[in-house]
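Written out below as structure tokens is the structure these notes cover.
The letters A, B, C, D and E name the chains in turn, as written, and every chain counts its residues from 1.
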Amino acid sequence: MGNVVQRRTRGALRRCPFEVCGNMAGLELLSDQGYRLDGRKATELRKVQARMGVFAQADGSAYLEQGNTKALAVVYGPHEMRGSRSRTRHDQAVINCQYSMATFSTAERKRRPHGDRKSTEMSLHLKQTFEAAVMTQLYPRSQIDIYVKILQSDGGNYSVCVNAATLAVIDAGIPMRDYVCACTVGFVDETPLADLCYAEESGGVSSLALALLPRGGQIALLQMDARLHQDHLEALIEAAMTACKGVSKVLDEVVRQHLQEVSVLTGE
Amino acid sequence: MAAGFKTAEPLEYHRSFLKENCRPDGRELSEFRTTTLNIGSISTADGSALVKVGNTTVICGIKAELTNPTVEAPGKGYIVPNVDLPPLCSSRFRPGPPSEQAQAASQFVADVIESSEVIQTEDLCIERGKLCWVLYCDLMCLDYDGNLLDACTIALLAALKNTKLPEVTISTETPEVNLAKTRGLHIHKHPVSASFCVFDDSILIVDPTAEEESLKTAQLTVVTDEEDRLCTVHKPGGTSLSGEKLQECISRATARQREIQKLIDKVTRSVKTAQ
Amino acid sequence: MKDTPLANCERDFLLKAIEEKKRLDGRQTYDYRKMKITFGTDYGCCFVELGKTRVMAQVSCELVAPKESRPNEGIMFFNIELSPMASPTFEQGRQSELSVKLNRQLERCLRNSKCIDTESLCVVSGEKVWQIRVDVHMLNHDGNLMDAASIAAITALCHFRRPDVGIQGDEVTVYSPEERDPIPLSIYHMPISVSFSFFQQGTYLLVDPCEREERVMDGLLMIAMNKHREICSIQSSGGIMLLKEQVMRCSKIASVKVSEITELISKALENDKKARKAGGRCGFAESMPQERITALKMDETPVEMTEVTDRANDIVQKAEAPSQTVPSPVVPVPGVGQVGQGLQNTWGLEEEDEEEENDNSGEDEEVKETKMEVEQHDKEGSKQEDVVEISDSEEEEVVILHPETPDKAPKHTGPSFHQKGAAASKKKQKK
Amino acid sequence: MPRNSGIILSSRCVSGGDIERRTSSHAAVWFITFPCAMPTDNKRVRGPEVSQSPSLFLCEPAGALPSHGPRADGRQRDQVDVRPVFVRCGLVSQAKGSAYIEAGNTKLMCCVYGPRETERKDETDMKCGRLTTDMRFAPFSCPERGSWIQGSQDKDLSLMLHESLQPAVCLHKYPRSQIEVNVMVLENSGSVLAHAVTCASLALADAGIEMYDLVLGCSIRQDGTSYVVDPTYTEENRCSSVSSENQGGLTVAFLPSLNQISGLQSDGEMAEETLTAGVRTCIEGCYKLYPVIQQALAKAVRKAAPPPSES
Amino acid sequence: SRDELVCGSSNVSLREFGCEQSLLSRPDGSASFVQGDTSVLAGVYGPAEVKVSKEIYDRATLEVLIQPKVGLPSVRERSQEQCVRETCEASLLLTLHPRSSLTLVLQVLHDDGSLLSCFLNAACMALMDAGLPMSCLFCGVTCAIDADGQIITDPTAAQEKESRALMTFAIDSKECRVMMSSTKGSFSVHELQQCIAVSQKASEKIFQFYRDSVKRRYSKTL
């Protein structure tokens, strides 16, 4: 039966989740009154909660919740190159990212926490985002590892990962050009919806993920799925940028809060 | 002294023997190594055979399972031969997925089965379009000292002859297996292979050892059946051979076929009489 | 194989040229290279040449069981194969970063945009649907693989015909093209990817970068669009920082390029259809250029058959007939047989049997076997053991623990390696 | 424990659960098909996507084993009654050392290669050699056909084998090199790990690798109040009593002349005193095996270097 | 007897064939070879740096990769790769490039019978295009024996399916002997020898084609 995951104890191959996803097509994503499925307004973000420095061993770590999507990010480095030395860059640090999803993070149990095409791509995207944001030229010939794990998935996995990783990188004390904030926006009934949840994402909305360095309005990553007419693009990007700026405010608060706590502890 | 010569100049070492029409292990050029056959030694398999050609040892275990036939061939079963060269059999093989040599050997065995029609896949059909047998023929090398293909074909043939399938009856749409009643397979042909190596572009030797194989310039395997028809003439490249030379090989292969068929028959009979 | 690194001066030269709005092949900033679309002999095979970049796409189909979550939909499978032919840096069967990037982008571009009616691919709901497989082979890598791959894939999908099926009861028959005309896929729209490369922190922008340009670029923005100006996917890659205005400008350029390319694809499909209708030969052989000195063609040629039979007969007759004497194999115990007089092997599971033979014939043979039986002492369970060796010669070494206990274990039904047990005990009695 | 029934059954589910098959009325055999995106093994000749062992369709299913009286092969319960063992060294011409062991129907082969240069430079240890173990089952070795691809069970067993052998090998004598131990199970008729340990230590000795002592393996199966030594495959995988108390298996790797245990592996649920008694029983079993192994080794040595008086 | 039938048979011909060299920019040598509708694209890289694990101290390491049109290469392709590789190894002078690597990639463009022989022909043309030193040239010829015992050279896919036996030979240009042989189905010794003889005859035509195309290329006139 092919090479199923060989390094893990195998269970039955066929099984069904208790709750099979219903068809979302019938649901109305935006009511006439302008409210969404979870009661938010179109431009409203989900509640963001975060903590920095959750692990003692890591150089930097953070836990972030955005609505029901929960992610954990850990940063190691900058340190000497590990693994193949051929990747060493003499003028900048190499960023190594790994994205994984806990097997229990989705409604249907995930078979491969990482290593399939989708999560490899996600790792690539994270890498790309942080290559743009981290001042890698300060650490030539070294490596920075960023590991992100989704503990619960409820839409906007990429954005939550980026936000969590940003906090972890800051916690590690690695200089960045700016906060990188990411947000997923969708487009329904000529209205852009900010910070999509899973029900909205899977409901056939054209969604756009954007990572922004808010101060300069620079886009570190832009990705869009599904169809959207060209004329609406600008509005959607605009909405995404606004949402990202909103996220950045929250992140900034978290960082300040954390710093205060730390300085109290160190007695300054 | 001789050992040093052999290690430093293996080719010269072999040449000095071939000049005298003999080989380092004392064989003549057209002589096979002792071939030993043991059948039915694995009780968990439906058919099994262990073959030793000199030091080269190959074990073949056949497992029969039930499956659905394909839509394209509803009246046919499957034969799935696979050759494995585990790191156990020689230091030249590494663990991991099958090497190119193992894959080529698997394909060779599959080709021999198909070309010779040793078993007609129609015989494996239980109910047309519904149920058929699949014979997993797993060949494993336990000691690699050259001439893998010959050992594989003998092991396969002997194991197939040794295979017993339980009776299957289909009652109320589900198959019922009766282990008490078994039947053997109908072996239509007895394909036996003979392998040759070409040394220095001209000298033909039979049944090469691993060392001889590493020094060869070409290799040739001829498979013949009891009616003297050729099933496979497999020469994967190497230096060229004339039609005349090929004919020599075919004659030797025919003699070998008789020898091995007699061996298999006698051993199979000995098991039957013992029971 | 490692890639040859780009020399610093080459890099500087390329960047300088881009700064001066010049490209190596003389193109303008927003120009595509020359594009050529040809088709193979069978349906669903498309070759795309984009400058020197060459890509082949082949569509195939197969009846499979549908996914449990979508019982009424066919399955689309895309695979971009980075064949080592295209570039020495590509390795066979390895999931490189580039291959993941390209594959995901193609999936997004063609599957997520729902350009193909997958519901029409359902044959029996929940049991049998068509799986459409698109294999894209990179043949020559000279930059902008994504655009070439997306054009090849969508064109091949448009060109493809699947066999017709008939359903009677629960039996599904697949008709051959002779019985019933194959059916084209129903395609809603044609998404085409357009790549933009950015240089010098996004200051400069080029359309359709070639391989050299790709090596000095900072990042890439891929926009997939159809001719209705609907964006099907956007993906930025590489560590670049874009401004919103740049994205908007790119999307405008993309819409122009996409309509041009769609035009070209339709024309190519039209031409091929005409050629096929006219019954003319089509396919790879026809697309081979005749006017090049590197190409040559030869018409069908007969092979002279003189002397062939004679030669064959000659060889067969001259050959020595195989010897008719067949050596008789030795079968010492049931299930074991041996033939040949060559050297002895070291792996000797059955050698005690052989040894027996040797005893009879009086040959002096080195024996290298040990046969041992561990037997439980009588039921009293006394734990003492004494090893008794009952061999008087050096050659024969048979050790049996507690020889007074009769052979209890080797009562095997069916043959096994254990028949040696029987052989050994026989020998013991002989003594 | 070697291939316990839980794992075998779940790997069977690969070819479709038989419960579903038996309840379905409209099709002769009801197979589950998977989405085709599943990676397939393209380095082997491929058979049908799924197939089932005929043993799933038996007319009369095999009954439970009796928990008292003599065992199926005539051996005694609750006694250190090991199967007759057939051992031989140096069968594989290509290996540095090799051994073959046959206990009842369990047939195992082990080859030792090395000491040789480590394969991966970054794993080279300057002070100590590396011992690698690889244990595999031939696809036809078990009543149910196994896959060619090594499963997690095989890797688990390899690791246990490694842990049992390592304390016995003088690895410090082989700096910067690796010693490879490959075990192939040709037929699995129970107690595979125990015999693999014995076989591997014999092969290591045959290869002339310096060791503190031989390592012998023995296993028992506790079944309620009674136990069986050197259990067969069926005894391992079928329990007779319903209660889950004192059900389990135990394998001990033992250095006989040093009187030390180098590996101990148990599964199932056993009371403390049962377990200690079990360990004692296993050690006893090892001592039964010891003279046989010694003899085989002595024979191999005599063959390799015959004493001058003989020549 | 059956053997007499062969002479004067109209089936004994080669389909029209064509070749284009140097058609790809990246490889060091490339060629496409067309036999009827069967076509194969070949690309050669090397001599180049070799991986340490594959290094051979006294000659170049040749790697042959066959890419099927649909799906991934399987065991059958591995076996064909072995045949092509060992044929190339015998004709290439690999000892002139020790410790280096040669890679030959063969891509199926369309399979309409005689695929293995087309692989061999494309490989030879690509090796020539790459300018690698060779001791001799080689070509591939496929013969089929149909149900009536007639020999068909260069069969199409339909003819292959109908045939009772199928043989592919690689013939060298020096002595016209058999370098490679791969067969399917069962056949008599007579049939084998006849097919070899036919292949040798057919190889003359193909070698003449090789010569013509090289002549055309270096004469620089159309």
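Following the convention adopted for this analysis, a residue touches a chain if its C-beta (ideal position, glycine included) is under 8 Å from a C-beta of that chain, and two chains touch if they have at least 3 such contacts.
Being a predicted model, the structure only gives us computed values, none of them experimental.
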> Of all the other chains, whose mean CA position lies farthest from chain B?
Replying inline: A
> Once you count every C-beta pair in contact for both, which comes out on top, B-D or B-C?
Replying inline: B-D
>> Can you tell me which chain is nearest the middle of the complex, judged by mean CA position?
In response: C
> How many angstrom between the C-alpha centroids of chain C and chain A?
Replying inline: 34
> Between chain C and chain E, what is the gap in Å from one C-alpha centre to the other?
Replying inline: 21
> Using mean CA coordinates as chain centres, what's the chain D-chain E distance in Å?
Replying inline: 48
> From the C-alpha centre of chain B to that of chain E, how far is it in Å?
Replying inline: 27
>> Multi-chain contacts only, two chains or more: what residues does chain E have there?
In response: 71-73, 75, 78, 189, 193, 196-197
>> Two or more other chains touching the same residue: where does that happen in chain B?
In response: 41, 43, 55, 57, 103, 106-107, 110, 142-143, 243, 247, 250
>> Two-or-more-chain contact residues of chain C, please, as numbers and ranges.
In response: 311-312, 315-316, 345-347, 349, 416-417
>> List the residues on chain B that touch chain D in their complex, please.
In response: 41-45, 48, 55, 57, 59, 61-68, 70, 78, 80-82, 84, 86-91, 95, 97-98, 103, 106-107, 110, 127, 130-131, 134, 136, 138, 140, 142-145, 166, 168, 170, 173-179, 210
> Given the complex with chain E, which residues does chain D contribute to the contact?
Replying inline: 42-46
> Along chain E, where are the residues that touch chain B in the complex?
Replying inline: 75-76, 78-79, 81-90, 167, 170-172, 174-175, 177-189, 192-193, 196-197
> For the complex, which residues does chain C have touching chain B?
Replying inline: 63, 174, 311-312, 315-316, 318-323, 326-329, 331, 333-347, 349-350, 414-417
> Which of the residues in chain E end up touching chain C in this complex?
Replying inline: 3-4, 6-10, 12-27, 30, 32, 34, 36-37, 39, 41, 43, 45, 48-49, 65, 67, 69-73, 101, 103, 105, 107, 109-110, 112, 153, 189-190, 193-194, 196-198, 201-202, 205, 209, 212-213, 216-217, 219-222
